[in-house]
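In the two complexes below, chain A is the common chain; its partner is chain B in one and chain C in the other.
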Partner chain A sequence: MIDSAVTPLQTGASKNTEYGYLIGRVRVWESGLLNPRLLDQLLRADNADQAGRIVSEIPQLGEVLQNVAQNPPSIDQALMNHFWSLTEEISGHRLGAKVAEFFTLLFHFSQLKLLLKRHLAQKPLGSIPEGVLDWNRISRYISGEKEEYVPDLFRQAIDQAKLQYEKWNNIQAIELVIDRLFLSRVLKLSRETESSLLKNWFIVYVAFALLRGAFRIRLQQRSLDFSQLIYLANPMVREDDFKELISAPADKVVEKMADIGLSSVLPDQGVFQDDPYYLATMEKIMDNYLLSMLRPYQLNAFGPEPVFGFLFAKNIDIKNLRIVLHGKYFEMDERDLRDKVRECYYE
Partner chain B sequence: MVDGLVFSLLGSALAVGLAGIGSAVGVGIAGETGAGVMTEDPNKFGQVILLQALPGTQGIYGLLAGFWVLIKLGLLGGTPVEVNVAQGMQIMVSCLPIAIVGLLSGIYQGKTSAACLGLIARRPGETGRAIILPAIVETYAVLALLATILLLNSIQV
Partner chain C sequence: MRLNVNPNRMELMKLKGRLAMAKRGHKLLKDKLEALIQDFVRIVRENKDLRREIEAEIIKAFQAQNKASLMLSEKDKELITVFPQQKLVVEVGTRHITGVQVPEFEVRIEGDPYTYSLINTPSEIDQAFGSFFQVLPRIIQLAEAEKTIELLAVEIEKTRRRVNALEYILIPSLEETIKYINLKLDELARSSIVGIMRIKGSLK
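Up next is the complex of A and B:
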């Protein structure tokens, strides 16, 4: 699918009704999304067992986590399989493939990062859901078997990531190179889509991803040259601004963010901190902002927006479930968890 | 006589054809969403079929108007009636309300039904209310049929 001929997302009045089948399915699946009441119940659960019982009563999700060992790796695996199977279901539809392409790419690029890191750490491949890509083949290519067939996009990603890792001798170089390739595909999606909402959403997503990258580089006090591994030209964050966000003093960062028009994603507006918890809070605000862009379109009867919105909402739900279930497993305080969870799609 | 009959039959064909197209498109739109709902929840067949069938009535109204014309012309048994050009055009114009309104209302009713299928997929308890919304679109097809019948009856042949 990744290398197939481009079919722009069709949103013209006559084409919008063709999303009817997908929207019918999405409406049923939406009953399995978290809502504020359920999330609150999960957060108030006394322990992991009680949280597990609450999840077991949620449509679809209950089945996903049924008979899964109550430990973080097993929960993560089950949730990842669930999300991937939903993405594949939607991709199976003629128009759905293009709607789900962002999530397919997101999944493939994150698996690729994991695979490269495991290879460098000489760890086993582990279990990855089968999809469009043959991960064993990719794994062999990473190990140096260059004759293995790997789609051009991933071949390019692997080669560049390995090259930059050797140059910088830093595992983060792999993250940045692969993120840049992923973001370049997201920008391509923004150019192809006919939906003005999705076009803007993709652009904002890229801007947020660059900001996250810039602040992480800043936190780790890496050089500006290192930051070039992730930067790519985009409509919101210019290269000069990007560099300034990395190198300027903390008090200037707020001003620069205001110049770009993105100061609303900074926690404690007016005070920027080079602190991992501050960045985690900022990432939460970014997720909430991206969700809020999609929320007004959730009840549209036609068009790609409700399908895309559902997939993103599911993605956020999985983050929330991981936060809560892991938190309960490690007996974290309810208030700490409450600070971390994202908003729900349906309020 | 021949010209008048041509216009009359054209009116009948428009009523049946356009209203039928409206219904086919409407039923198709609602059917796609209904199929999506039933893929995930086959127990909703009863509600889905009801909402999918609603836009199908425009086609029936169009057919009724078409037959009304044929009966008026005596083409369905009995002696064929002679119609001049003016009468033929009057019959054709009389068929336009159900032809045009049937076409458009069928499509819009299909869209409303599809939206309401999304409603019952998430909230099965709202089926009663969900049926009322597309049924309101139906009102205008019924009015158009009534107008067509009254117009046809007012023409002396």
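Up next is the complex of A and C:
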């Protein structure tokens, strides 16, 4: 990935100035973020048209969704393009690249999975995105042209994913292997970041991802051996804990979560359920928790935290908008949508 | 309606034979009709329960799918569905119900339904996949039952038409024709007796 160009000799003052420039940009973009009042108005909208009119009055978002066909795929495409254009703009900055790397990694690994799956399913590769990475080279490497130059990270991901797919004869092995590599990169980010908040945030993100993985493995009744494909050593969830979370009876899971110090993410404290809706609520609590970690730093004048916080908040906003606009389009119940939406960055 | 036949003893014998045959056929067809209706009603009742259960399951599956799809971008959806590794194997055969050939489907699901990431997908997607793969074999079972009902209904309709044709057309017309021939033959016999008596009278 793109490494930070900041040298150890660079003074804190000059870095602060550069972050100051990025934060200035973020302050402008922040007017396009949702707030609880707007979210409530969207949720109370009678139909998709009314929700669309409310969105059209939000700065930036209104322009993003202008002239977009009012159907879920088009809306989703427009929102994702908006998010990636913001991420690219921040990445274009010398210090911003490191701050936005987490989101760039998310996109790259998801694209890699898609290319691998399309190749294995013998389906056309479809449109290949343009960007920092040469996806055409990567697709040629996937299809067996080993001489192609591919960054080490992706070479490793493709080779390991193919190996595990052959071993398990299960396409989910690819997902787990690539997810593990993504999480290992997130841990690397936690070691490299200069911000203690982001260091903790990345560690908590990995821990939450592993917990989600463990509970889903329970739900899908996977073997412990298979579950090892996703596990990686990290400061919060030890391997033994991870295995116990998968194999222990439901009542023991609560105790184990308390031991790890993460019982607060369980929806009904004291009762754990192997139920998808219970886990969906847990996922919402996790997202809210991650956002709440970043919230106190939103008004900082210097440092990477407000920039990262903005990108994460935007990511959550896109989720919320998708939930509300798609939900209204399919005439879903307002209560169901309220259960799904995440908290806003600004309270 | 009387049949257009010559009123003679030969025809009478033939018609009596046909009438006996028609009555026997009518009884057999009526028995078949009753058996068909019994099977039809039984399958319709079973099918009604099955349909109600399947409808409830489909609603549950679609609700889970709708909730999951709220959390997924178009790209995520493609990632989930691009490589399905579960196969639905349907073996098609036939069986007989009261002489009616009906289809018989044997459904088998092979492979793993879960092909997606555990950390980037919402949990409801597991519920949606689980419910759909549970309900799919039952939908095929329902299709088998509905096709059976359709074929039985066609057979009942056909048998009922045959029974009615025998009961209200063929048997009455045979009986009427037999009665007519009998009358004709009696008349013939009477006229020949009168003729003989006349000859006998003229000889005296």
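We adopt the following convention: the second predicted complex is superposed on the first by the 321 of 347 C-alpha atoms of A that agree within 3 Å, B and C clash if a C-alpha of one lies under 4 Å from a C-alpha of the other, contacts with A are read in each partner's own complex, and residues count from 1 in each chain.
FYI, a contact is a pair of C-beta atoms (placed from the backbone, for glycine too) under 8 Å apart; a residue touches a chain by one contact, two chains touch by 3 or more.
As the structure is a prediction and not an experimental result, all values here were calculated from the model.
Legend: residue contacts after superposition of the two complexes on their common chain; A:Y277 is shown touching chain C, with no touch to chain B. Of the two partner chains, chain B is the only one that A:S31 touches; chain C does not reach it. Shared-chain residue A:L22: touches chain B; no touch with chain C. In the superposition on chain A, contact is made by A:F330 with chain C only, not with chain B. Look at A:F302: by the touch rule set out above, it reaches chain B but stays clear of chain C. When the two complexes are overlaid on their common chain A, residue A:R216 makes contact with chain C while staying clear of chain B. On chain A, the positions that touch chain B within their shared complex are 17-18, 20-31, 299, 301-302. Across the interface of their complex, chain A is touched by residues 64, 66-67, 69-71, 73-76, 78-79, 82-83, 85, 112, 114-120, 122-127 of chain C.
Partner chain A is touched in their complex by these residues of chain B: 29-30, 32-41, 111, 114-115, 117-119, 121-122. On the side of chain A, the complex with chain C involves touching residues 73, 76-77, 80, 110, 113-114, 117-118, 120-121, 123, 170-172, 175-176, 179, 183, 209-210, 212-213, 215-217, 219-220, 230, 276-277, 279-280, 283, 319, 322-323, 326-327, 330, 332, 336-337, 340.
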